[in-house]
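By written order: A, B, C and D. Residues from 1 in each chain.
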């Protein structure tokens, strides 16, 4: 007879998610998610703040990937106003967004290795994440919630000494990630724990609306950065990592290779960055109309649907968060699996509950 | 079999490498030049216009009466350190300092009245590590 | 299928329920249908390769007395988005569920029901999702009559 | 008036029942009793175990931290946080012991005491080093290896008891896992031990050590050593095989509900188990107390410390396995390897007999 176990909210590994598991022995038969512990009503708050004031707030929708979220929102505002950021600002945005993506992916890798009690990789990833945070601090003035990308451009230019330090850190990281490869991805025990666990086929992944690295791990070749290019991505050269197995190991591996690609993008952007202004004037009000934009964040595709009403406050803002879409994949996969695989599947999707609840 | 042994070798290898830790209470990292810490108010320049209070996303700034004039008062229990007030100040009366150790035992201590906000930042009393050193011996090709 | 072709197809096959169909910009079209034609439109879009929803949004327009529900549907092959939209009355908002067409719409519809009170007929799990358990029945936070309390 | 006779107690009986004080003191201060007291209180008893736990916890945390490129314990005590365990112990003593409302009160409170006792009792049967005319051991029996392993394999039953008594779903799951895990490691453990016993021709740990004068058994029994080490790791729940208390899955397994010093006892018993497992590995495969120059005890402790370090570093080297993978590894890999080793040992003994 199955027992209903509340896996979460007071569990070492659950985060802010509660999964009600129907467990028979050591096998989970059915899963029901209970989210909303971090629901802050960000979509409602948007109607009460001016469009500029909302930038630091939307960054809180996903603390670990804040610049990408801000970029998604700012792009929607700019598209509605018909403003385009200057060329140099586009490159700076790419740099901030990619640093933010590395930060997010390293954290995801840390948490996934934690699910097996593998603290070594957790701390190594966190150590090297600190270096990225230092770079972001140099560039934006804050370590986690940057508030760097604003409608019309970016707030500051590259600081003195940033290029040298960035190349130093990125060269180090480029070498260092192969240590991760040896320690984590070639570790037989980690392979045993993650290979063949939570297999999501291509068809299922597409139908469930799974997005980001989790989608690409299932063999779907889709990346907003390449297929619907924004900012300076069409001028930069990078590969979209696609694997075909669709299990937890592959999801982690896609993220790992994306770190390398992000390093490549930042290096190019730092080399190619043109001179020029970094911010243009924007109108004080949002015009009437509506717009839907999407960007690729570390967790997947972020869609922002923005309705303006001729005031300086949005009439309606919808955040279609990547983790919210991946949650469907998680619930779909947490059926007929051993109890020990629940945290592995959960963290292989890199679901952040701040982002699901909003 | 080697995929079981290699991590063991890696683990023993790293046991003798230099550590990453910054011993925080004893030494602190130097914040970047642009670091957004506590906001310092220049009372001579401030004209009490209230733009900072208007632009603040979290309503952390209120204008209060001080020596017969209006000055901003900062509530760091609400502040998100976005720095919009500093950006928008028409007289450049506000400025970020590098002070970030603002924790206190009660909420009231986090409200910085204009005179308290005008105080210069406390200097670090501990050893300051300027920048994190990168270990060139980490990564493949080095062991 | 390219968005231009999708719009043509929709115009040809859904003429009786179609209110508006146009290509807004590159790779982005929007199609407005009457609520009774929603399922047919969704099936047509799925045939055209629009395989999964990216978001389901409800927008409350009290002056018009209706709630607009927008399904942003993505296609992997064309890298395009179609916004499938429909409007229901505010007093008794009710739509057929599209869960049988797109599996991924499940939680999106649940959230829309919770936040705006749009009832999706036939949805198997229409219950509290993001809001707390003791949230008052019949109060929908994203409707315009719900005001945030002024901060102290 | 009738005089009733006052009953008198025979003097012999009095002497028998209440021995005179001087004799009592003499008896208690006799060398045998004193030796027993030293054994129980100093080595291998409480003092040694406390000291070992302190150094082991510190060493494990330090080693673990160094692999992570961290510093580890830093503040408490003289050499970089050596007294961390004492600080933790004081903290645990100050904590309230909470009993869950629906728990079986007696069994619930009995379990941590029992598991600690069980771990400590094992120490009584290990002969540590030769003293003139015998061995430094609390209770000598020629079948001490059997006794030790029998006592060791009682641990899962106490875990099941604790898991059942706690009346918590995670505890029950942990208890079930303890039962599964018992099936996985017990057979390879016994088989790999058997290969050594065949070579030495005795169940006595002292004899086994004595027969390793020329060559440590790790050379002829390398496979057996690997199997024994891995099975022992599962037995004492070290990280890649700590499936019973898997923190990320089932909180803390059977011990989820315990607080305060009861939790302290459980953690303590884990470190006692590491000490015993290291002693067993040292004595069965690494030549026990043999070694040039130093006192036998010193050699034993050095070797045992190195073995402990290898038990500890597993935590920072491999992620945890799943229970089905452990069962699979136990029956498909460890048992065949151990059987190969047993036959190899038999062949070796036979060849030695025939040739010489």
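We take it that a residue touches a chain if its C-beta (ideal position, glycine included) is under 8 Å from a C-beta of that chain, and two chains touch if they have at least 3 such contacts.
Keep in mind it's a predicted model, so treat the numbers as computed, not measured.
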{"item": "Farthest-lying chain, centroid of Cα atoms versus that of chain A", "value": "D"}
{"item": "Centroid spacing, where centroids are CA-atom means, of chain A and chain B in whole angstrom", "value": "24"}
{"item": "CA centroid of chain C to CA centroid of chain D, Å", "value": "64"}
{"item": "Centroid spacing, where centroids are CA-atom means, of chain A and chain D in whole angstrom", "value": "47"}
{"item": "Two or more partner chains touched - positions in chain A", "value": "120, 127, 187, 189"}
{"item": "Touching two or more other chains - residue numbers and ranges from chain D", "value": "67-70, 316-318"}
{"item": "Where chain B touches two or more other chains at once, by residue number", "value": "4, 7, 10-11, 14, 20"}
{"item": "Each pair of chains that touches, named by its two labels", "value": "A-B, A-C, A-D, B-D"}
{"item": "Contacting residues of chain D [partner chain B, same complex]", "value": "63, 65-71, 74, 313, 316-318"}
{"item": "Chain D residues within the chain A interface of the complex", "value": "64, 67-70, 169-170, 173, 176-177, 239-240, 242-243, 246-251, 315-325"}
{"item": "Interface residues, chain B side, partner chain D - complex", "value": "4, 7-8, 10-12, 14-21, 23"}
{"item": "Chain A contact footprint on chain B (complex, rising order)", "value": "3-4, 6-7, 10-11, 14, 20, 29, 31-36, 55-57, 80-84, 87, 96, 131-132, 134, 136, 138-142"}
{"item": "Complex contacts: residues of chain A adjacent to chain D", "value": "3, 5, 11-13, 23, 25-26, 113-120, 123-124, 127, 187, 189-190, 192-193, 338-343"}
